[in-house]
């Protein structure tokens, strides 16, 4: 078994890493919102789901790819991928803001506690997934392949595939942009201020509603990007794709330390690798069990999550 | 002199690199009212927090009623006889005033969940006894008429007094009052001073944090002064007022008359 | 292809048979209303299978109603059980006590079927399932759970399991077979009945993967470690397509195979044609487009979407009831008697005749292979 | 604004002993008579009205009362409540098919199993920060289901078949289709659970839970053994879920992992919040409505779950504290912030 594991180590690791980067981006959606509102945004999984469909709309309907098309190359390929990424991000970002307006805003103004918005978000979640299900005749949908899945090279017998490489690099870039945004821009600083102390932020004249909208927008943009990368890598989606991935990403956010942007990063990576290794060693059916046992152990020894700093620091 | 109820011996409390209490030693005698004063950030509330077990002290020792409090769970410290109020009111807003006091009084109940569920005689007896006692306490503190009102709906002054009644509900030997007069007008402060004395006369020992000097000096038997986490004075109110180190500590830090 | 032509003829005959009784249109007032029911998942996560089967049933009824205008109007009560036994247990008594309903197509899932059966048996409601393949339902040794009301069109896991293995390893000189199930009762059942037919030394391993899985890299690593050259997936098409795709993309070049849960026209739309080229599938029936392209075209025209998984089975199941209605059957007892003694052609031209326990007697399995993005009939599995 | 909860409380409080007994008996009689009202507008299309009364409605009510102890009383967010339901059901399934024990003998065993697993889950989980409890409990619920799905002894995905119905007594027979009998049995369990919760609420345990929910640190500092009472809340909630599970298995004769998905946990949570967290009458009303609604709106066909979701969003926005809230909502005077 160990020998087999070593044989497969690098290909498992690459698979786990690229899955981990997708988790990171979705986890950011959870963690940003948690940072400012201290709430689990249950609808984030459906925002991701819509992001995958937005990607497919571009590739299949705008650029007319089918399952028997020739692969795109060169400038056209980058144009397609770029358009799809931006479209997915925008659709998810705007949807995320709408979700905040519908599910959270009124309740927040009424100071209603944590649970009413949670149920309201679950309701939004049901509406979104059932609407998409009806629109898709209840069937799964695939994205036609626009880019050939070439191997760029070998690393200890493990192929390095182009889509995984794109995911890792782009996700890193997006993450760097996000960190810069949060630390350097006016709005980013406002978001941090609200997450540290909403009352103080309000007294300082920060427009709380605006900041919260912006947080949902940014979280949605990241989640939408995850939808694009997911579609690029796996090429399949359905109205209910968000549920499992949402829970996984949420777990990742907690594993890393929720409310903490860096935590989402480490948590996503850790979860991607953990899931892949555990599936290989213990059988895929025990993956979820392993993940949760590890989660409990981690939280037991490090109450702020695996890589989380004290709660108030580097919080989004 | 009567014997000490609680003794802090060389207590040091560090948070990372910040030393909140440095080698603090003092005691509170039985049936005494001890005032604990000091400028903002001197470490007064930290003293409360280390006594009640919110923080584990870095070094030193706290002896309460002859036993060390090191590593004792917070609710057990309360059970041994220490109860406190909070500087920023932390009542259970969705409970009535009476329930607030009764909850604290539950500390010493022998009957628990199971006997409560099946209505064992001991549970009924204790329930009846504590209800009467809680009402007595509310009357004692002068807010008996509010017993059926939700705590969150009470006027500010009543909430402050309810904090005291609730702490007394836990039948403490030592009562820790954290700025009980905050936000009070002069008339209310006079009333409060009388109440604190009355509490002591009823057999409680009181450790009092208060910003209002005149109130502290009026009610305290003895005053301990902290500055930057260190004890700088420990004497009768009159002598402390004249202590040059105390005056220096407060100099430049004009006292707010709140 | 000769075979295909033959099937088309048979299909045409079957359609004609279903509408044989269509005499000259009588006055509308004389039309007799008969109610059938469908039970399966119509909302929620499992809705894909149920909606596709329902479309097949409605299609068959649309044809029948058109042919029998003025004589019969067949209506359908749609009982959504979300594929969940708990939901089924509250829907079933409602359907069972609705005396208008004289036949039920469904339930789609075996678990929901088992939960519903006590009620249908009690009220003597004949049922024909297009997709509940669990062996125990018709196994007298398991306690006659389904007898006498339960019937089904597809062959059971017991028949399909070994056949799937046979098809997957056909023409492979030294097969090393890796089997992956989807943890559903369907997938696990297929594997359980396949296992005894795997000769010693030909098994490369097993994996059991939740049907919510999206990333298959761990399973793929196991397959590579085991150096398998045949991979069989026992589950449904929504997971089969991404699994096969990821496996191929990782460089696997061996054989891919799946059962009737994969045999959906949607399957081939879920991955590039080059990836699915050569995938082998088994099923008791044949997709509509393979039977006759015109049939599929007509289906799309009438139902507004392409036919889906278990479409032919649903149409066959419905046609059995419709044949009874055409013969004037209007009560449950009569319908049950009719179904028990029914013998007729399926869409594919095979004979549908139920044995005492409700299985189609001598049900054989067909093999299919994906070519150029289309599922092609490849002869019966022998 | 008219407040249903306060109005109801007022009527109740203004009654003497006799008046209260009359109201209680009358209410129970009306509820017990529900199975006979199938002919009215209450009837559900397609699904059988009396079955719907048993599952989901009565089962949901029972589970919601149990979950309410955990979440409404003590403020602990439990997203894996279905685990206890599953444990009760599988206890019944295993013992009912493998041993000669009958439902009534298994009921206490099932409850004990659920309580035991409540301790297993509660002791580690309740030591963690409150925010994390949600994900840990969610994981626990999934673990229970996955174990059932993978253990041969539990029938894996095929589940357990042929679970016996409860033996009758006093001439009452529990046939699998005597929905009314099950409904009335559940009603008795529900009344027992209501009795338990009301009894505890008025005493030490209730006060301890309330204080924990509102300000846990303050509670601990005023002598409430918070950890112990949190575990108690978990264990009592589990016991109710376990009881529901035993009866459920004994009614449906067949259980499979598919019956115990995360969706059930979320639905029960929705019942509690939708009805009015912490107020047992609200919780019951919430469970009745959310259990009943999806079957009542079956005429919407494909769109019914979509409409169900919409109802959740709209109602939560209109009544954030639920239909019958805990207590009259007033502007908060006290501001809590960390010391």
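Order as written gives the chain letters A, B, C and D; numbering starts at 1 within each chain.
As a working rule, contacts are C-beta pairs under 8 Å (C-beta built on N, C-alpha and C of every residue); 3 or more make two chains touch, one makes a residue touch a chain.
Note that the structure is predicted; figures quoted are calculated from it, not measured.
Omitting subunit C while holding the rest fixed, one finds the remaining chains still held together by touching in one piece. Look at the CA centroids: the one farthest from the centroid of subunit C belongs to B.
If each chain is reduced to the average of its C-alpha atoms, the one that sits nearest the average of all protein C-alpha atoms is D. Between subunit C and subunit D the centroid-to-centroid distance comes to 38 Å (mean Cα coordinates, whole Å). Subunit A and subunit B have Cα centroids separated by 48 Å. If you average the Cα atoms of subunit B and of subunit C, the two centres end up 74 Å apart. Subunit A has residues 130, 285, 288 in contact with two or more other chains. Subunit D has residues 149-150, 302, 305, 332, 337 in contact with two or more other chains. Multi-chain contact residues of subunit C, defined as those touching 2 or more other chains: 43, 183, 208.
Under the contact rule defined at the top, the touching pairs of chains are A-C, A-D, B-D, C-D. Across the interface of their complex, subunit D is touched by residues 42-44, 77-80, 83-86, 89-97, 111, 114-115, 118-119, 122, 134, 136, 142-143, 145, 183-185, 187-189, 208 of subunit C.
Contacts from subunit D toward subunit A in the complex involve residues 71, 77, 124-125, 127-129, 131-132, 134-136, 138-140, 142-143, 146-147, 149-150, 262, 266, 269-270, 273-274, 277, 302-303, 305-306, 308-314, 316-317, 320-321, 332, 337. The touching residues of subunit A, when paired with subunit C in their complex, are 4, 7-8, 11-12, 15-16, 19, 67-68, 130, 133, 137-142, 144-145, 149, 159, 161, 230, 234-236, 238, 240-241, 243-245, 275-280, 283-285, 287-288. On the side of subunit B, the complex with subunit D involves touching residues 45, 52-54, 74-75, 78-79, 83-84, 86-95, 99, 102-104, 106-109, 111-113, 116-117, 119, 123, 127, 150-154, 156, 159, 166-167, 169-170.
Put simply, subunit A touches subunit D in their complex at residues 38, 40, 102-103, 106-107, 110-120, 122-127, 130-131, 134, 199, 247, 250-251, 254, 258, 285-286, 288-289, 291-292, 295-296, 299-300, 303.
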